[in-house]
Amino acid sequence: MPLEIFNQYESEVRGYIRSFPTLFAKSKMAEIWDVDGKRYIDFFAGAGALNYGHNNPKINAAVIEYLQNDGIGHALDMGTVAKRDFITSFVKNILKPRNLDYKLQFVGPTGTNAIETALKIARKVKGRKQVMSFTNGFHGMSMGSLSITGNSFYHDDSYGVPGYTTQVPFHNYLGDKVDTIAYLRKILGDDSSGTELPAAIVLETIQAEGGINVAGVDWLKSLREICYDFDILLVVDDIQVGNGRSGNFFSFERAGIQPDIVTLSKSIGGGHPMSLVLLKPELDKWSPGEHSGTFRGNNLAFVAATVALDTYWADDTFVKELQLKSQLVEKRMQDLAFRFADHIREIRGLGMIWGAEFKDPELISAICSQAFADGLVIETAGAADDVIKFLGPLIITEALINEGFDILESAVEKVLIRNRTQEGKEAAQ
Amino acid sequence: MPLEIFNQYESEVRGYIRSFPTLFAKSKMAEIWDVDGKRYIDFFAGAGALNYGHNNPKINAAVIEYLQNDGIGHALDMGTVAKRDFITSFVKNILKPRNLDYKLQFVGPTGTNAIETALKIARKVKGRKQVMSFTNGFHGMSMGSLSITGNSFYHDDSYGVPGYTTQVPFHNYLGDKVDTIAYLRKILGDDSSGTELPAAIVLETIQAEGGINVAGVDWLKSLREICYDFDILLVVDDIQVGNGRSGNFFSFERAGIQPDIVTLSKSIGGGHPMSLVLLKPELDKWSPGEHSGTFRGNNLAFVAATVALDTYWADDTFVKELQLKSQLVEKRMQDLAFRFADHIREIRGLGMIWGAEFKDPELISAICSQAFADGLVIETAGAADDVIKFLGPLIITEALINEGFDILESAVEKVLIRNRTQEGKEAAQ
Amino acid sequence: MPLEIFNQYESEVRGYIRSFPTLFAKSKMAEIWDVDGKRYIDFFAGAGALNYGHNNPKINAAVIEYLQNDGIGHALDMGTVAKRDFITSFVKNILKPRNLDYKLQFVGPTGTNAIETALKIARKVKGRKQVMSFTNGFHGMSMGSLSITGNSFYHDDSYGVPGYTTQVPFHNYLGDKVDTIAYLRKILGDDSSGTELPAAIVLETIQAEGGINVAGVDWLKSLREICYDFDILLVVDDIQVGNGRSGNFFSFERAGIQPDIVTLSKSIGGGHPMSLVLLKPELDKWSPGEHSGTFRGNNLAFVAATVALDTYWADDTFVKELQLKSQLVEKRMQDLAFRFADHIREIRGLGMIWGAEFKDPELISAICSQAFADGLVIETAGAADDVIKFLGPLIITEALINEGFDILESAVEKVLIRNRTQEGKEAAQ
Amino acid sequence: MPLEIFNQYESEVRGYIRSFPTLFAKSKMAEIWDVDGKRYIDFFAGAGALNYGHNNPKINAAVIEYLQNDGIGHALDMGTVAKRDFITSFVKNILKPRNLDYKLQFVGPTGTNAIETALKIARKVKGRKQVMSFTNGFHGMSMGSLSITGNSFYHDDSYGVPGYTTQVPFHNYLGDKVDTIAYLRKILGDDSSGTELPAAIVLETIQAEGGINVAGVDWLKSLREICYDFDILLVVDDIQVGNGRSGNFFSFERAGIQPDIVTLSKSIGGGHPMSLVLLKPELDKWSPGEHSGTFRGNNLAFVAATVALDTYWADDTFVKELQLKSQLVEKRMQDLAFRFADHIREIRGLGMIWGAEFKDPELISAICSQAFADGLVIETAGAADDVIKFLGPLIITEALINEGFDILESAVEKVLIRNRTQEGKEAAQ
């Protein structure tokens, strides 16, 4: 039993090993192999941490060379050559071409560290405790991040997660008839609404875990206006949908807005643990050392990240490739929705993140299992786990996209047939 | 100017780059070199993350080979060969020989993630919100961990850090005449003390950031008793002083006690970002996926960690080496205290963590700068930054220990001479 | 200077003495006289505490006789004849005829004590910390009550008012196009809305301080349904609009609903300090003495209250009188709105509580001052103090209603003329 | 059954009616009579609300006359003759002779309202959320007051009582060997103690509910010094032990210290509901109306209070009487302790508040019941209800003191005999 040791010693909290019950051994770009040599196409990309693929050859080569030369590995926030090179590359390839002038804050290498940091500096600068976030938002598991995360599955009454946060309706949360921006403006402008003026509003422009909900461009612009009007900081959590996922490097580029703070993690480290917070210079009110963290200087991630930025973001070649692939993914999603119209409520997405909302969540669970058996790693999203999502590595080939969707369609078909057979049997009894 | 790009683009929060203002390029075991080839002895070990040294040859070789073979890099909490091997090694080399039967929970690879996890599960299992920690305790920067961290430098009134925590006096906090265990027992046993029964007491058996305060063995045993008597979970934060720092793998072994929960990070990943929470099996009440984190499956760290465990903890050779080195460090600290008795109030420490408390914190700052100029990386501790601390890699040679202490003694001497000269000049004016 | 001693020794927090700057000496039913013998008609009724009028002859006679006989005055929650008689009268005159079977809890004699009590028992019974209240709600000044009070004027960032409360939109808060009940149902039913299931929803069926906002009957019924559907306790705060103010004893009778908890104060004590919490029997989970308070047994209030109940609520005579007076008040309000249509946005109200919302809040302040000079005590409401409100004692005569409204109309006229003259002068300069 | 209606309709929270199960009808000074004409001596004084006795003739006469003249009853914080007279009397009789220059803030007429007010203004003025209180402190039942009340009997995990409070050890809490002032100074002065600097320290100089714990004069002076040194406001809660209970009007006079804020309630209203907060003028930073409350202008209480102040506090006659009575009470307590030395651990007290701590709390319960049967109303104190306390009206005669103590001694004797008999029977079986 290859997974016996996990069952015996690892905490019950383990999750994905239950959805994908095998022992993985190797991986390359958009493909993974288990110990038995079985191959899987990856439509999951480590929940968005592997936008540049598994063991991307250019990245791996650089990391190996760095290790062979005894490059600095761990350095807290000391100055290192690898860190200097990353900053240089990020400024040149990302900030300068987009006319952005953020300061870079390196934090502990998890997304939740980045969110905690953003909440702290926003509260400190504005001198207000309140922070606003959105229905179905997901921002992480540490106490501060959890306080702005909607999904009650991650909460427990005893956690002692503090108040000082308010959740307001995301775009179209109440259907397309109710203008949630008007609601937000009303409660912020009314001294007796009971809602305190927040230091910041924390936003995913595309809610990934929340079910692939894409905020409209006009809605985003109006939200940016509200933040200006009420002197509230706009924090964009681009941990999952940044790093090219939306079709551009940042997910907010499509709306032409500039957040005050941006959090990046997952793929920013080229597959290695790393997080980065971007601050408008006037917000950089930290005292030296006021916010720290042992692994905020993971130099292997700096090396990997620099290669990724130099390779994919030096010009617009990659963005154009993403457009073509995105069109293919959208088409395959539409085919799926058309073919299984009885079971799929709607498809939603943008760039390289797409979801199909099923009417029956139990169906989805069976489909994912079947797809895995057939060689596809794919996951669900949404509070009710009723959305099946495409989140493949950005470097996936068109051939693999097609092969993966073929497996998915076949898996849906198999599950439906099995269900009908099962129902037939039950009816016959 | 090699550091110009940091000054221009990195947040003001950057800290160690100010204490050690150079651009580091390479490192090997207990030595580091900057871009100009200048060599430094490392008495800091990445704040305890580099117990096995920089670019430890055995570890690096294994990591390089793993990358060359396209081993799984990032895998969330799926099953991988590297993770299986780590669990196997940890159970065999660490848990079994010590008769410990913890469950392993892999969490986001920062210490603060581990603490947040421990606080959550403790509160969930006990159904109580309150958590107790100690004066001068340091546990991390995210909201939950910060709520049990003493040093007010890391707090800001606007952070909204929640209550539900109580700080009680550490061993000898009120001098050796006041029994802080008796105080703790009194307020826990008194229904009208105003102190709610906590779910857990979070303890560093040696407070590192707090100023190298070593809890006595009897005090630790009494604390363990109190926790049993009042049905409180004892959480040992071994992030900084675990992984061999105290002379054994865990810092609590010297007291013969078993915590209910142990948090590990820093050196547990063999120099790569990783954290681990150990739970008594009966506390493992998580639902699958209830606590998650993108980088909780950093397989490079698993590979590195497995090598570290197999190399250093398969038998007691390393522990014996540590005893000898520890005696050398203690002797050099005593020499220092004897030679500069007018300036050093006391020395404190155990195993491979030692501190000398100076009467004048400003002196310390100057000494560290001088030592750095002379080729030694050494840092301070304590709320008032009045303790200079030895925290070298555990694999440091006796020769380098001696060379480092020689630099340190010389730096103290230089600073004292400079001060006397300066005072003389001022007096002459 | 009659008020000099107040200016010299009383805290700056004093408020109404600034709006009504005289020294009051005597009062009878709906009239007050100051030390100079000047008479005022009372359209304010002690913010709803004097529904039965000042020095109501029947009440006063009973209280005087009780004092002359050395009846028990203060008794905490011991058994007294006066308390027994009150309970008997309340059950007979109020609960029984309305088929209500609440348990009575006597609490400290302020409204905020009653709300604190309701919040406590609701949280205790349901085991949930969260409580919901409405935009523009007003529930009191102690920490718990303040946490569900909307008006930010009463808040200060340093108060440390806790979270665990959510404010949701009241009826028509977003205009009559947005169904606020649908919004409430949506966020309660959605596990990822970020809004925790509350123990209770606290409601004023007519928001008095909030600007005389009257919830519709259908809205109230739907809210009651929601509370049943989600197992949430419905707490009606009838402190200001109970005791006959709405036309019936309880303000929720018009909707045919039964709250789980009702808070009463202000006029419940017949002019003397008293509060009362009504609990559905199955919610009465208190331990003996778990919630206490020195003045919860103010026996003078019991005596006064018993007279008030026996006099006004033994049959439906009083309710019918209220209907007639209410029609008169409504008519006079309509006249006002018609006559000053350029300045009044709308009138709102029910029973014996009515408000006229002015477009210009500064106008209102001048009108109230003028009315006071002309012998009428009348106050404002609303977050912006833009509503002038009628809140006269319920026992006020039709003659005094007419006289008071005449003064009010005249005051509006005077202020408008003065303003036009002033504008004319400024224009001429 | 005279109490049947209470059992049927009153909440289970009712408490004293269980300890004193009869229906009280009349009362005069220090005596009470039930409906059957049975007489009781009062050693409880309404938990300190009846320092001037039940139906004090002078007070009652003034209140009756006031009612007969239709004096203003309820007036929020408008100016009234009764309120002016009270302020005049309080300034003349209390503040001026003691060289105190407080501003007077009238708040809702319960002690907890006064504490909530003190917490708010302290936090607002200092801009700090943290407040400190003492082990075994009791300050009230609303959320803010409860957060600084020690006794866990009044707490429930679901109440959501907020943090921002720290309980520190009262005088002699850890025995007379541990200097709790030194502990306080240490944690306040240490930036890493984990204890935030509080806005205020809230103190009962004699803890009444907490078990009759009398803070020493030197301890009080040192605490006052600490508050000056750390810029912390000293709030004395004199609700129970003010108004002459300690032998002077304020309980802190014996230490020669001046608090920054003083809370008064209970007997301040001469038996009628009233509370008063005293603020050093520089702390009076309220906006007009920022803190309100319907019954903060209970004019009957002003009338009663003025008579009480003019009668008892115009010169030192009353204080001298209290000294004599206090000596008698102390002597009778000593006699009790001497006679029942096997059962009484110690006696504690000052002025007219004294307690005898029994070794066996169950004994106390039986003694109180026996005493009640024999015509004495007396209550317990302390977290474990192990203290029997004398808290008679201050105007009680020496004859009644002696008669009451005779009943008490006899009750102890009866209970002990009964227990011995019972034990004998059990032993014989």
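Points to keep in mind about this one:
Order of writing sets the labels: A, B, C and D. Residues in every chain begin at 1.
Going forward, a residue touches a chain if its C-beta (ideal position, glycine included) is under 8 Å from a C-beta of that chain, and two chains touch if they have at least 3 such contacts.
Owing to the predicted nature of the structure, the values given are computational and were not obtained by experimental measurement.
Graph distance from subunit A to subunit D, where chains that touch are one step apart, equals 2. One of A-B, B-D or C-D repeats the interface of A-C: more than half of the contact pairs, counted by residue number, are shared by B-D.
Taking each chain's centre as the mean of its CA atoms, A is the chain most distant from subunit D. Once the centre of each chain is set as its mean CA position, subunit B and subunit D turn out to be 50 Å apart. Taking each chain's centre as the average of its CA atoms, subunit C and subunit D sit 31 Å apart.
Across the assembly, subunit B contributes residues 127-129, 153, 162, 164 that each touch 2 or more other chains. A ring topology is adopted by the chain contact network, closed into one cycle in which each chain touches exactly two others. Pairs of chains that satisfy the touch definition comprise A-B, A-C, B-D, C-D. Per the touch definition, subunit C reaches subunit A in the complex via residues 127-129, 133-137, 148-153, 155, 157, 162-167, 169, 173-174, 178, 182-183, 186-187, 190-196, 210, 383-384. The touching residues of subunit C, counted against subunit D in their complex, run 2-3, 5-6, 9-18, 20-28, 32, 35, 46-50, 54-55, 60, 63-64, 67-81, 83-84, 87-88, 91, 103-106, 108-113, 116-117, 119-120, 123-124, 126-129, 131, 140-145, 147, 153-154, 156, 158-162, 164, 199, 265-266, 271-273, 277, 279, 284-295, 298, 300.
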